[in-house]
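Here it is: the structure, laid out below.
To keep things simple, chains are lettered A, B, C and D as they appear, and every chain counts its residues starting from 1.
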Amino acid sequence: MSRKINVTIWNEEDNNQAAYPEGIHTALAAFVKEHEQLGTLRTATLSQPEHGLSHDVLNDTDVLLWWGHIYHHKVSDEIVDRVRDRVIQGMGLIVLHSGHAAKIFSKLLGTHTWKLRWREANERERVWVIDHNHPIAKGLDEYIEIPQSETYGEYFNIPKPDELIFISWYEGGEVFRSGCTFNRGSGKIFYFAPGHEGFRIYDMPEIQRIIKNGISWAAPVGYPKISADHHPKSPEAMYKEAHNL
Amino acid sequence: MSRKINVTIWNEEDNNQAAYPEGIHTALAAFVKEHEQLGTLRTATLSQPEHGLSHDVLNDTDVLLWWGHIYHHKVSDEIVDRVRDRVIQGMGLIVLHSGHAAKIFSKLLGTHTWKLRWREANERERVWVIDHNHPIAKGLDEYIEIPQSETYGEYFNIPKPDELIFISWYEGGEVFRSGCTFNRGSGKIFYFAPGHEGFRIYDMPEIQRIIKNGISWAAPVGYPKISADHHPKSPEAMYKEAHNL
Amino acid sequence: MSRKINVTIWNEEDNNQAAYPEGIHTALAAFVKEHEQLGTLRTATLSQPEHGLSHDVLNDTDVLLWWGHIYHHKVSDEIVDRVRDRVIQGMGLIVLHSGHAAKIFSKLLGTHTWKLRWREANERERVWVIDHNHPIAKGLDEYIEIPQSETYGEYFNIPKPDELIFISWYEGGEVFRSGCTFNRGSGKIFYFAPGHEGFRIYDMPEIQRIIKNGISWAAPVGYPKISADHHPKSPEAMYKEAHNL
Amino acid sequence: MSRKINVTIWNEEDNNQAAYPEGIHTALAAFVKEHEQLGTLRTATLSQPEHGLSHDVLNDTDVLLWWGHIYHHKVSDEIVDRVRDRVIQGMGLIVLHSGHAAKIFSKLLGTHTWKLRWREANERERVWVIDHNHPIAKGLDEYIEIPQSETYGEYFNIPKPDELIFISWYEGGEVFRSGCTFNRGSGKIFYFAPGHEGFRIYDMPEIQRIIKNGISWAAPVGYPKISADHHPKSPEAMYKEAHNL
């Protein structure tokens, strides 16, 4: 129950991101640090060696948050493969906002996840809770009102989510699957759309709650060690040997 | 995190169930009482007034375990409807073994859940973990060996599960979706097949672990108060009023 | 390929339904009759003996369309159970608009399907296609514009759909899972929300296309005869007998 | 209804594959050619220029079958990306047997799909139908008996399938999700496990039926043209302009 969760927050920039002069990773860290199960909290950025995602860091990370936007192409394929393998091994991944177009997200999902409708119109977004008994929706009201947001819209080129938690309504006529989960190997992935660099949406208590809930949900359980690949002996043969049958 | 979970264990009989002279509810209670988040633990049986499931008991229950076999028809429809409504409102429900044919299970699922293959042959069952990152699989190995079990087999007349956690292999050639989950309203349902009255399967540590994990998983989250039904005002109108737009 | 599909259209009223003086079942039949695989086309209404749904009619029906609104409570439980059993046996079911509150829908789904937000405001509805490779979306554009509609909204008290095909946007700020499918036994169920009695939405070619696609999709395939229930012999024993092993 | 389906069968080898001296693609073509909706039927192999999968061939292919085993690493990444993009655009893909480890399969699914249990023991496999109303199960019995097969087993490192149609039982104690579907963009994917090179399983009428059903199912529907990416105007603004509102 009281196991600690180690969190790493990745951002493509070091600071000066529109409404976030401190950098979005710093804004995220400011409330993630209050997570009651938090173990180690790290931030990592594109400009660091290995983008701050060394094997040591990843192996010590239970949940990775990912915020990227205009520098997706600068993320090295080697690091992307490393993160992918670590997710399949069990690390949770929370992909935020324009991270939908990140290499790591499309690599894990298998589709052209960068394809969706979008407009920058500073219009209203209303995030409706669809899955009321999902741990990520814990403590929310029926919907969250975001006064000004970037507009995303369907068709969003993702596989069918394993769970659809939020659907957003936008003033201009779009809808969007703005909160959904996927499983890949032993790893859990949560995509959450709200979080444009132009508005301080990450200061909203409901948004912080969702991300903190997401961290709790995505943290690895003590899953079985999987002994896949070639097995010369069948389970039935092993059973009979063990019981002298 | 440390919220307490109130559990009620329902059984159709008071005692003397084959390998369980103390009654299966008592055997279940013997290990459920060690659940680290346990609040109140109750048992309830068919012969009690209202089958032990008064409004007060249900309203104070977070997770209900259900074991029934030959007396499904004796459970009153009124109580079944009451339990159904409580599940939709958020109470977790764990249906065990032959409870697949219980009125409450078929009512919540909508199908002929009593239909499946079965034989009593005292053969081996091997329960494979399919969903390695599900909280209910926490701490397990790749499979669980049950030396003697009742044989269940497909086709099992259930809706497509929301999550398929376990698939059982049987010595005689059958397979069975032996652990799966469903959502109904704000309530979570976990069906788990192993648990025949003829063998003390509930004494196996792995089986106890699964049921305890199931209790943690099925406990209600603090889900939103849903204000469904007629709303004379639209969210958009309410927003504009509130902001004098 | 060229197998004929027998369709029965059920309506709670005989005629004089607001914008549909001829009755909604008659309006539906007017375009369903052009379905290229159509076999027998029947209509049935509440006032007929057995509500027009005798065993003979149901056994000869491949897909049943259901439109009801204010007389759900007048449908006899016996007929509801009969329809339910026929769906589980393989008959397709298309539930339209306010049929979300029909006894047959909540019985098959297991939840309080009558619960959703709604307003009659004659506002715009925009039906977005989310599942682009579903047969029910065949031939559509990205979205369908309905100039005036009744407003439905989440939270809609249904189990997680097996497939989510359409999400509706409403002018007043709501979203709604307006087109989704469920499987129950060998039967397929399609719920489609647009279709208020006050506007002739069923005259729109896109809406007709969706309903015709739904009929093709919901028609039973030649599914296996299921020999569930007690099997004294295991598949493995039968194999060994047959091969003298 | 009578639209033709163009099928291309890909194989890593030209001929001389154990029990299939003619090559597995030729064995598959021998019965696929009887598909009643068949348009053009092509085969393609690794040794051909562009592995036989030029842009022209792929653009004229509705459903691609893929059989590979020991030469997955010889398939060029450029061709894999090309096939992936064509699937997302709408081409159906049927991955057979050891094709689970093909680059194209793991790229579309996002996981380590090469990981599963396996043994070559010439043991019995019994393929149980789990999803009785899926078009791919059309015309089958409850299970298919394969007298000698290669043994695959869980855990199989795939995302949760959109649909689970078959679960296999193996004599030695394993189970396997042997028939399942996935959606990626506008494309449908069907994975089907039986089909070892050492036994002429592809001569079995039930296996042929499943593959032919799979072709019908995977063929693209007339899906919407998706106009994703930046949209300067909102649907609501376009509506108001069009209606002078």
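To be clear about the criterion, contacts are C-beta pairs under 8 Å (C-beta built on N, C-alpha and C of every residue); 3 or more make two chains touch, one makes a residue touch a chain.
What you are looking at is a predicted structure, and each value in this text was computed from that prediction instead of being measured.
> Are the two sides of the chain B and chain C contact the same residues or different ones, given that same means over half of the numbers occur on both copies?
Because over half of the interface numbers appear in both copies, chain C and chain B meet with the same residues.
> Applying the document's contact definition, name the chain pair with more C-beta pairs in contact, A-D or A-B.
A-D
> Distance from the CA centroid of chain A to that of chain C, rounded to the nearest Å?
Using C-alpha averages as centres, the distance is 36 Å.
> I'd like the Å distance between the centres of chain A and chain D, where a centre is the mean of that chain's Cα atoms.
Roughly 29 Å, centre to centre.
> So, what's the distance in Å between the C-alpha centres of chain B and chain A?
30
> Could you tell me which residues belong to chain A and also touch two or more other chains?
Residues 126, 129, 131-132, 142, 153, 155, 160, 170-171, 173-174, 183, 185, 224, 226-227, 235-236, 239 of chain A touch two or more partner chains.
> Provide the residue numbers of chain B that touch chain A in the complex, in ascending order.
Those residues of chain B that touch chain A are 1-2, 36-37, 90, 124, 126, 129, 131-135, 137-143, 145, 171, 183, 185-188, 220-227, 235-236, 239.
> Over in the complex, which chain A residues touch chain D? Could you list them?
Listed in rising order, the residues are 84-85, 88, 107-112, 115-119, 121, 123, 151, 153, 155-157, 159-160, 162, 170-174, 182-185, 224, 226-237, 239.
> Which bits of chain A are touching chain C when the two form their complex?
So the residues of chain A touching chain C come out as 126, 128-132, 142, 153-155, 160, 163-164, 167-170, 173-175, 177.
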